[in-house]
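In structure tokens below, several structures.
Next come two complexes, and both contain subunit A; in the first it sits with subunit B, in the second with subunit C.
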Partner chain A sequence: MTTHWLPALVALPIAGAVLAPTLPRRGAWSWGFAVLLATLGVALFLAGLLPDGALSYPMGGWPPPFGIELRFDVLSAFAVPVALVSALAVPFAARTGGPIATPEGIAVILLGTGGMMGFMVAGDFFTLFVFLEVLSLSAYAMVAMSEERGAGIAAFRYLLMGAVASIVILLSVGLLYTLTGSLNMADVGARLPDGGLPLHLATGGFVAGFLLKAAAFPLHVWLPDAHATAPSAVSAILSGLIVKMGVIGLLRTPGLEHLHELLLWVGAASLLAGALFALVQDDLKRMLAYSTVSNVGLIVLGLAVDRTGATVHILNHAVIKASLFLAAGAFIHRAGSRQIEGIGRGMPLTTTAFAVAGVAAIGIPPTGGFTGKWMITLGALEAGRPVVAAIVLLGAVLLGLCYARFLVVVAFRSGPAEEVAGGEAPPAMLLPILALAILTVGLGLVGGQLAAFVGP
Partner chain B sequence: MTALLDNLDYVATVVLFAIGLWTLLADPNLIKKLMGLNIMETAVFAFIVTAGMVEGGDAPILGADVVPPFMSPISHALVLTGIVVAVSTTGVALALLLRIHREYGTLEMDELKERW
Partner chain C sequence: MELAFLEIVPGLRLHLRGDALGTLFAATAGVLWLLVLPGPRRGRRYEILLALSFVFVLGIAAAGNLLTLLVFYELLSLAAWPLIVHDETPEALAAGRRYLAYVLAGSATLLLGLGVVTMAAGDVDFGTRVEFPGAGLVLLLAGFSVKAALLPVHGWVPRAHPVAPAPISALLSGLMVGTGSFGMIRVIQLVDPPPLGILGGVSALTVVTAGLMAIRTDHLKRRLAWSTISQMAYVPLALSVLHREALAGGILHITHHAFMKGGLFLCAGLLVHHLGIRRVSEMAGVARRMPWTMGAFTLLSLGMIGIPPLSGFVSKWVMGVGMVQAGAWLPLVVLLTGALLAALYLMPIVQTAWFDAPEGGREDDSGGAQRTDPPPLTLVPVLVAASLTVLLGVGAAFPGFPLELARLAARGLGG
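Let's look at the complex of A and B:
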């Protein structure tokens, strides 16, 4: 089925990004918010058409495999949470101030969202690479929008490692083109040779590059600094959405089914290492960053044992981690520093939202984090891998300790932040947090329908 | 050995890639790391252009009557786009390096670690 709304999904946020810097300083955020809400509407409309089959759009009327094809399939339906989280992050960013609140900052958020949309609907490997670069460059710039000391180095390290991953991915695209004479994903899949060194090199390049973009252990070293020093609204986008693009890239990789054993153990190592590192962090945002490494591990592991469960968890974790980072941002904004002991006593709504999202991050029913974790654990048991299932449960216990500890720090410990007068954060920050926290529970309640929607 | 000699152009791109990767990993200077990245990018572009050269191929639209050799135009288009992407990455990286230099007064990795 063809619809002209499909290219609009990509064009809307990018056009919005181009226009944003021309707007006056005070109006920029409402422009960004409106553009992303419109994008959300388009994404919802396209996702609603999905039960009739994947959508395809030939750019310029040139049919695939000769022209550039845009494809909206079940994985592209992740566009809905991408638009939602980005939209909610914009008013939050505008309220926290700093470079991210300027029209240029809003433009970078819009450009990153446009890049993610293009990445998800790309029907050929080269378009995939180009949009991967659009979203990655926006991500480096978003980290650099922080005024914190060290953000420059964090962004530069992120850029160096991310650029190496991109080059390796481009090399693999070149190899696939040499092997098959085509770039269209479906066409390449049909023409792939049965084996041979060049094909293995291409698959390996894709897997290594996308695992680095997804920050799987031991390729995660860029993530904690980048996600913890970035402005909180940006951390929500980086941790919730942008690392997921690496996983979606993995799902698009041809020949991935030969590498299930590798994915299984890289995922398990990432899950455990992330949870253990998270346990020893004293800073809330660093703990959340390592928790992302752990959750990416769970998703990568899930790719090997239960793809549906992994896809469901990609979506749920986006909402959960975004609400956690925004809540952390609200605490830090109110306290005026990273000393947040006791700040939660004056902010009952934010603290409750943080607790709900934390419960979801651990994976306790009826919240959204449970569905994917349960399906992946069952998948591991059915695949005859009880050790892996045990690792998943152990990871959940370790993350539970992390979140319980920070809840105690925020709500019960006394510290200098307790004296700060005020109470809840302003509505532009509080409402996005509450909306996302309610959504984590809502997604858990419709977990079965969700799994059926993305299911095979 | 003959396989290596027959594919000397591919061997050259692999060597170039390795030089770039080594510079990026081992050099303590951030500017040189960035240059290593650029060398790696050049190696990949050279590889894709080289792979576009097919022995005995003919021109896509003009047909078989035209005098060879021919290059696949797609690989050229890919590399042109790739160069644009690489230039943007380098631009963002240089802007970040300016900021790092303003904050710490150095671009040497070992000195940066002391002033963290």
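Let's look at the complex of A and C:
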């Protein structure tokens, strides 16, 4: 009985999205916030049931592998941060204004959340693909809702590249179906042939498509523009949550264990390239976007050496990057432009939250960023790859310099923004930032338990 | 006394533990923080981070395993950064950037070392003996040498000290550098130490080179910073001898040096604050105007050189005795050379301050030998530091004084 909550996890935000445009402009955000809090409650409840094993729900009562199966496993537990970050982003978005604050904007955020939920609990590859499209289309729309210059073209580029990835993934789904005669993930896994070109093509297609969705170097080119020009609340969702869907897709890919060497080096390249690009950015949100590329690299690399560590970092980075983007959004909101030199002098709480989340992003213990980074470093050492371990730590040092540089810009430089500064951001922005920043430290303190929860 | 809690990564917990080495370090930190607390208020950010740094130093002192030590060590590195760049001048920000690059690289090396150790030996509690690959030991010692300011990774010290507010310079020299040496001692006590000839060689080179650099540096705070590099390299030098008495002297030197150098930097701060004097070449006759300040400065300098019966003499004596007992003559020569160099870079300051006539222009400005000693309350910390030099020197053998604790702390080492 209890597992009826499983389809509710997907249905709640999508139903909320359908209803949101009918609401008056002022009430839309509270509706979205309430729906996502309810979704968060469902996600927490389901995650609480996980220690007894993964939950399965046959849609319409048709047993798998024939019917559509929804499965809530350890990876699906990422639904908790998805619901949390989306919920906190809604009041933030409403406060920043622009198209994203309209009922339609709130509806797109809800739809994207519903798509992510569906993607994570999909038990068969076709459902996985459908929800991948739902969340991707919502993401393109969210970027396009920005009032920044260049947002339209960034959203369009994102759409083009994302569509290519989707087609490649769809082709791979088709290949898998012809190979095994099934779409159900568990069933496909059992019927998989030992090798052969078609299987390798299917696996390769999944990996290429999901690496693009995850923005691993050199398939990251769409990300910096899209994430930097999107409204800040959306950037938090995109960088914290949506790129992680690509990684979760990788984790669902059959036959991934043959590609560990590829993942290792793509991840390492992404980690270093992202950090180096981040080092030369002059705009805070672009720096954060490249830092996401670097962190995705770490996670992809982690898939090859320590899956548990990678999964832990998926979760921690979601919280960290969301709080960083929201803080950046608060700075920009107060300054009224991207000229944020010295804005932090009038906003000590936001600046402190930014600093704490930055420390977590570098991976300094005992914050959340450390747990995954440590496990992956140790995994690389145990796999006899000291070079990779050194690359992980080098990336952390480079990112440390990036965050320090922008802390200097925000807190120590003088600039036009200093006169504009009228104190802290409004509570609807400040409270989400503080909540997420505190969470980055809290998650780090229970890193051992977290790893035990997602571990094998 | 032990306390373990919070498993922050699988298999590794935060773990606090009290022992002689940690107690001595914590007590040193407590006294030094009391010395730097008076003085002008510098705003909320400064006060909060100063308090936080103290907490982190206590965490380092009370760390019961390698992970906890590194956690607090890194937190201290980060908390110190806004304190160093507190004045927000371009030079301060540039120095702060350099500082961060050094300590982050050091931290990364340490974490890699911790990874190697954890892989071989799991969660390593201090007070036990374990075995792990030599690579782990090398990485850990290399990582700690950044803070301990050994050549060639000493670069942040002479840059960060001149730009930081005087109390922060006092803490950097007094304790921040000491945390690096402290970490090295902890690591060496974990293993059956292999011969540490390279560490000894690097330390000896550091003692001599930094001493020579100090002689040719005119900027007062920078000269003191070079002196810190030279003097604090004694600790790894004593450690490399692998003799119990020498190590006791090294541990004692961390404490004694902290008060002496802290006091010297506070004196330098008073000179900047009240007379605007930053360079040794501007200090002619300055003792006539600030006799109390320069009196304390002189006493602390003598202690730093190692004149009996001041505290600097005691720690060097104990180190020297240990080296003789171990038959390590080369380190002993380096130790004495360092003292000679200290005399060469500190005594000219004292001499010019007391005996040279002030420059003509300056005399007109100040109306001759007018006394401008700072108000008594601001003088208290430097006078306390100066009295500590005497007290810890004369009363070194008292029970419960640092020497006893240092000998207790060095017990873990053979010899």
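Basically, the second predicted complex is superposed on the first by the 453 of 456 C-alpha atoms of A that agree within 3 Å, B and C clash if a C-alpha of one lies under 4 Å from a C-alpha of the other, contacts with A are read in each partner's own complex, and residues count from 1 in each chain.
Keep this in mind: a residue touches a chain if its C-beta (ideal position, glycine included) is under 8 Å from a C-beta of that chain, and two chains touch if they have at least 3 such contacts.
Fair warning: this is a prediction, and the values are worked out from it, not measured in the lab.
Once the two complexes are overlaid on the shared chain, A:G240 sits clear of subunit B and of subunit C alike. When the shared chain is aligned, subunit C comes close enough to touch A:Q449, but subunit B does not. Once the two complexes are overlaid on the shared chain, A:T178 sits against subunit B while remaining clear of subunit C. Contact comparison for subunit A: of subunit B and subunit C, C touches the greater number of residues. When the two complexes are superposed on chain A, none of the residues of subunit A touches both subunit B and subunit C.
Residues of subunit B touching subunit A in their complex: 21, 24, 30, 33-34, 37, 40-41, 44, 47-48, 51, 74-75, 78, 81-82, 85, 88-89, 92-93, 95-97, 99-100, 103-104, 112, 116.
By the touch criterion given at the top, residues 6-14, 44-45, 67, 70-71, 74-75, 78, 81-82, 85, 88, 93, 96-97, 100-101, 104-105, 107-109, 111-112, 115-116, 118-119 of subunit C touch subunit A in their complex. Interface of subunit A with subunit B (complex): residues 126, 129-130, 133, 137, 140-141, 144, 149-150, 152-153, 155-156, 159-160, 163-164, 166-167, 170-171, 173-174, 177-178, 183. Chain contact summary for the complex, subunit A toward subunit C: residues 308, 348, 359, 362, 364-366, 370-371, 374-375, 377-378, 381-382, 386, 389-390, 393-394, 396-397, 400-401, 404-405, 408, 411-412, 444-449, 451-452, 455.
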